[in-house]
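Report on the structure given below.
Labels A, B and C are assigned to the chains in the order they are written; within every chain, residues are numbered from 1.
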Amino acid sequence: MLLLALILLPAATGAVAWLAPTARWRPRLLLAIAAIHVAGTASLWWTQDWSAAEGWLSVDALGLVVLTVVSVVFFAVSLYSVRFLENAKVPGARMFISCLLAFLAAASLVALAHHFALVWIGMEATTLALAPLVFFRRDRRSLEAVWKYLVLSSVGIALALFGTFFLAAAQVEGRPLILGDLVRTAASLRPGLLRAAFVFLLVGYGTKMGLAPLHSWKPDTYGEAPSPVAGLMAGALTSCAFLGLARTVAVMTAAHQSDFIRPPLFALGIVSLVISAGFMIGQTDLKRLLAYSSVEHMGILAIALGIGGAGAYGAALHLLNNGLIKGSIFLAVGNVVLLSGTSEASATRGVLRRAPWTGTMLIAGLFAVTGSPPFGLFVSEFTILGSAFHAGLTWLAIVMLLLFAIVFVGMARLILGVVYGTPEAGAGTLTESLPLVLGPLVLGGLVLVLGLYIPPLLQDTLVRAANALGGGTP
Amino acid sequence: MQPFHDVLLLLVVLTNFWVLGTTRLSSMIRAAAMQGLLLAALPVALYPHVSLHIVGLAIGTLLVKAVVLPHFLTRAIREAAVRREIEPLIGFTASLILGAAAVALSFAITPRLELPDTPSGVLIPVALSTVIIGLLVLTTRNKALTQVVGYLILENGIYVFGLSQAERVPFLVEVGVLLDVFAGVFIMGIVVFHINREFDSLDSARLTELRD
Amino acid sequence: MSLTAALGLLAVLLLAPALPGIANRVKSVVTGRRGAPVLQLYADLWKSWRKGAVYSPTTTILFRLGPVVMVCTALLAAGLLPLDGTTSPIRFTGDLVAFAGLLALGRFMLVLSALDTGSSFEGMGASREVTFAVFAEPALILCFTVFVVATGDLRLQGMLGQPLTHTWVATAPSLLLGAASLFIVSLAETNRVPIDDPLTHLELTMVHEVMVLDHSGPDLALILYASALKMALFGSLVVRVLVAAAAVSTPMALGLLLIGLVVYAMAVGVVESVMARLRMNHVPQLLVGASATAGFGLILLLR
């Protein structure tokens, strides 16, 4: 019942927030729901009730990790949004908060669903819930961004549904489209249809993840959406889409199709890395830069899925780290936008002096996102590279390392330019109130901690998640 | 004589060709509405043991695909004052040839897919070809409204495929109809924001409008 | 050849000039006018035949050959069709290619004679005619292929004759698609709306009419007759496919064909009344659409 509450409560509150006439309570309502959601998720960690009925909604290791990312990032974003909405020039709090809550409900559905059709419905709902948020500023550029986002996402979602149908056709015994049954009866799945299902699901959920070459909506969307929304998308939405893909890979691996899925996953992953590295070099806009960083990390996740084994553990860990740090860095960039009115890097200089907390978080975020120690992404990327070497894919690991280096150069150039330097005369400062700073700080701090120490509870869960991806029992 | 559902499916293919070959937007919308009508009749033709579920599905599909969405689209044409599609990326003639090739391809692939028995042997090929043709229209056309029609055709193809699984996973097809929500959102967007063409950052693309 | 085959050939040859008349009459009636008499073309042929011909000094023998070859090829092509539903006067394996080739030869000579005049109007008409033919020929061959695959016979006598009657019910969708495609092709080959308007008087909008602007007297009579005969031939193709559904005796089949021809002419008239001529660059789309339809019918047979 807790699971149902985690989904329905935000949805109901979203409807209430939309209908309620008063404006003052809405932000507090948002915060309250976000806090309740975090509490609920934490209690799931505590109870560790893996033997729950394998029904349409249930908790498994990977789903719990995704749910945690969604929950924590959402809390930080809602905390930030309280102050953000006051500073924003466009009134639209009602739409903003209702859609945020709707997104939370949909994302929780994706994380908790064990029926492929429910996963799909959740993904469709997230797409719809985010569209008005992307269009927040209501100018021509955001119109273009939201249009591209909707068109590409809807085609992706349609193809994902097509893949889901193929999956249903491939199944011979057991309850239709239930993950547990699919994995258990994997030997009897029809291979031809299963492969067709995988192709379509890869394209569909890959579009939502933002894997290249299906990523063209990402830079525009992340660039035009308000920073907290972009952070939510980069942190939570991509994790949900990855979950859809991961569930498919779990079924494929159980059906001994690992050799079939490896080439496309590697191909998309490498293309993502190459494209993101290439487009980061000449980039001038901070949020678009981070969009390409998101593409890069999705590529890493795809490659990790393809490698399997220890790579799957790395994927789960990377999912966690990436989600948290993206939330953090986008919120920091949000502060930069509040400071200078635009996310164009050339318009801002010397953030470290004008807004010290933000500047520090930007530097930390830069190092974290590019996979430097002591942050958590270093550990996860190291694990993935190690598994690549171990599996004999030395060329893959070397290519990845090269591209990581290029990415570092591209990102550092832009971010350090923003952070350091002397601010122009007359440049404003930002009162770094608690809501604007606490969220990103906590998220970044978590990533730092994960780089140094992984608590045994988390370790256990990650191993379970990896086993599920490797085809064992979830 | 051929079973009724086969005739319906063949007519669906013909409506696809119609959409590929026509330049007039109102003609395209009529074809999409006709396709919706055929699709509404399809569940009843495929599963004659009439149950509330099948009848409900047919009526729902009829309302959404054959009445509501074409009506929205027609309103959108009037608002946007657009009549004709300009020469698409790959040309109308090439589109028709590709469409025919897609149909041939679908018929060729289907036997190799080892699908479970479906009520009709033509169901899966028609579904596949409709999906491909929908994608074709969606990606090669210039006007936003034509792209929406392409999306409608794409989801119609998915819907037909879903019908083949309707016996085993009952509510799956209804889920497919949810895709129409997207289409509705698009159309609203076009109407409200006067999105006439796909967004293109190169202004030189506008010069091609003088040709028409 | 059998009696009915000869009778059929003779009937079609005699009936041919009435078909454009029927089409034009239907067009007039639909638009609320009285229109010319149905048998007007006979009178025109008689009138032109008795007149003298005028030849421009720029023309050569090609100009005079064009009409003659047109009529001869049309007559030969008529001999290839099984008009009574059972036998054709001339038959050999692969004669469907000969059918298409003969008509193409006739068109070719007409185009040459048009180019021979050295006038830009005729040249323009010739280029348009040939462009449309490029798209119409594949459609025609695809339709023939549908019938070949349906009956397994490579002779027109088999494709449109008794074997077709035997497989009609089983292959009905493909045959209907082929017939629809053939109808559109016939509109293209006989230069009727929506490909070409036979009643326009503006040379810049003509395709066929402008090619024969300079022909006069007996030459014009031959060309008019050949065009009418082409209409009868294509009409017979379409009608034969549809009539083959009925397994009747040979004389009955012939009768049905003749009645069908009249209905075909009326259908052409109706189509001409409700449609406007297509823009020139949309005509290939229509013809490719016809090819796609025939192709689809073929796919259905091949699976």
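In this section, a contact is a pair of C-beta atoms (placed from the backbone, for glycine too) under 8 Å apart; a residue touches a chain by one contact, two chains touch by 3 or more.
Remember, predicted model here, so these are calculated numbers, not experimental data.
A.B. asks: By CA centroid distance, what chain is farthest from chain B?
C.D. replies: Farthest by centroid: C.
A.B. asks: Of all the chains shown, whose C-alpha centre falls nearest the centre of every protein C-alpha atom combined?
C.D. replies: Checking distances from each chain centre to the full centroid gives B.
A.B. asks: Roughly how many whole angstrom separate the Cα centroids of chain A and chain C?
C.D. replies: So the centre of chain A lies 65 Å away from the centre of chain C.
A.B. asks: Could you please state the distance in Å, as a whole number, between where the Cα atoms of chain B are centred and where those of chain C are centred?
C.D. replies: Centre-to-centre distance between chain B and chain C: 36 Å.
A.B. asks: State, to the nearest whole Å, the distance from the C-alpha centre of chain A to the C-alpha centre of chain B.
C.D. replies: About 32 Å, centre to centre.
A.B. asks: Of all residues in chain B, which touch chain A in the complex?
C.D. replies: So the residues of chain B touching chain A come out as 112-116, 131, 135, 138, 147, 151, 154-155, 158, 161-162, 164-165, 168-169, 171-172, 175-176, 178-179, 181-182, 185-186, 189, 193, 195, 199.
A.B. asks: Can you check the complex and tell me which residues of chain A touch chain B?
C.D. replies: Going through chain A, the ones touching chain B are 117, 120-121, 124, 127-128, 131, 143-144, 146-148, 150-151, 154-155, 157-158, 161-162, 164-165, 168-169, 176-177, 190, 192-193, 196.
A.B. asks: Would you pull the chain C residues touching chain B in the complex into a rising list?
C.D. replies: On the chain C side, the touching residues are 169, 172-173, 282, 284-286, 288-289, 291-293, 295-296, 299-300, 302-303.
A.B. asks: Which positions of chain B touch chain C when the two form their complex?
C.D. replies: 1-2, 6-7, 10, 13-14, 17, 20-21, 23, 92-93, 96-97, 99-100, 103-104, 107, 111, 121, 125
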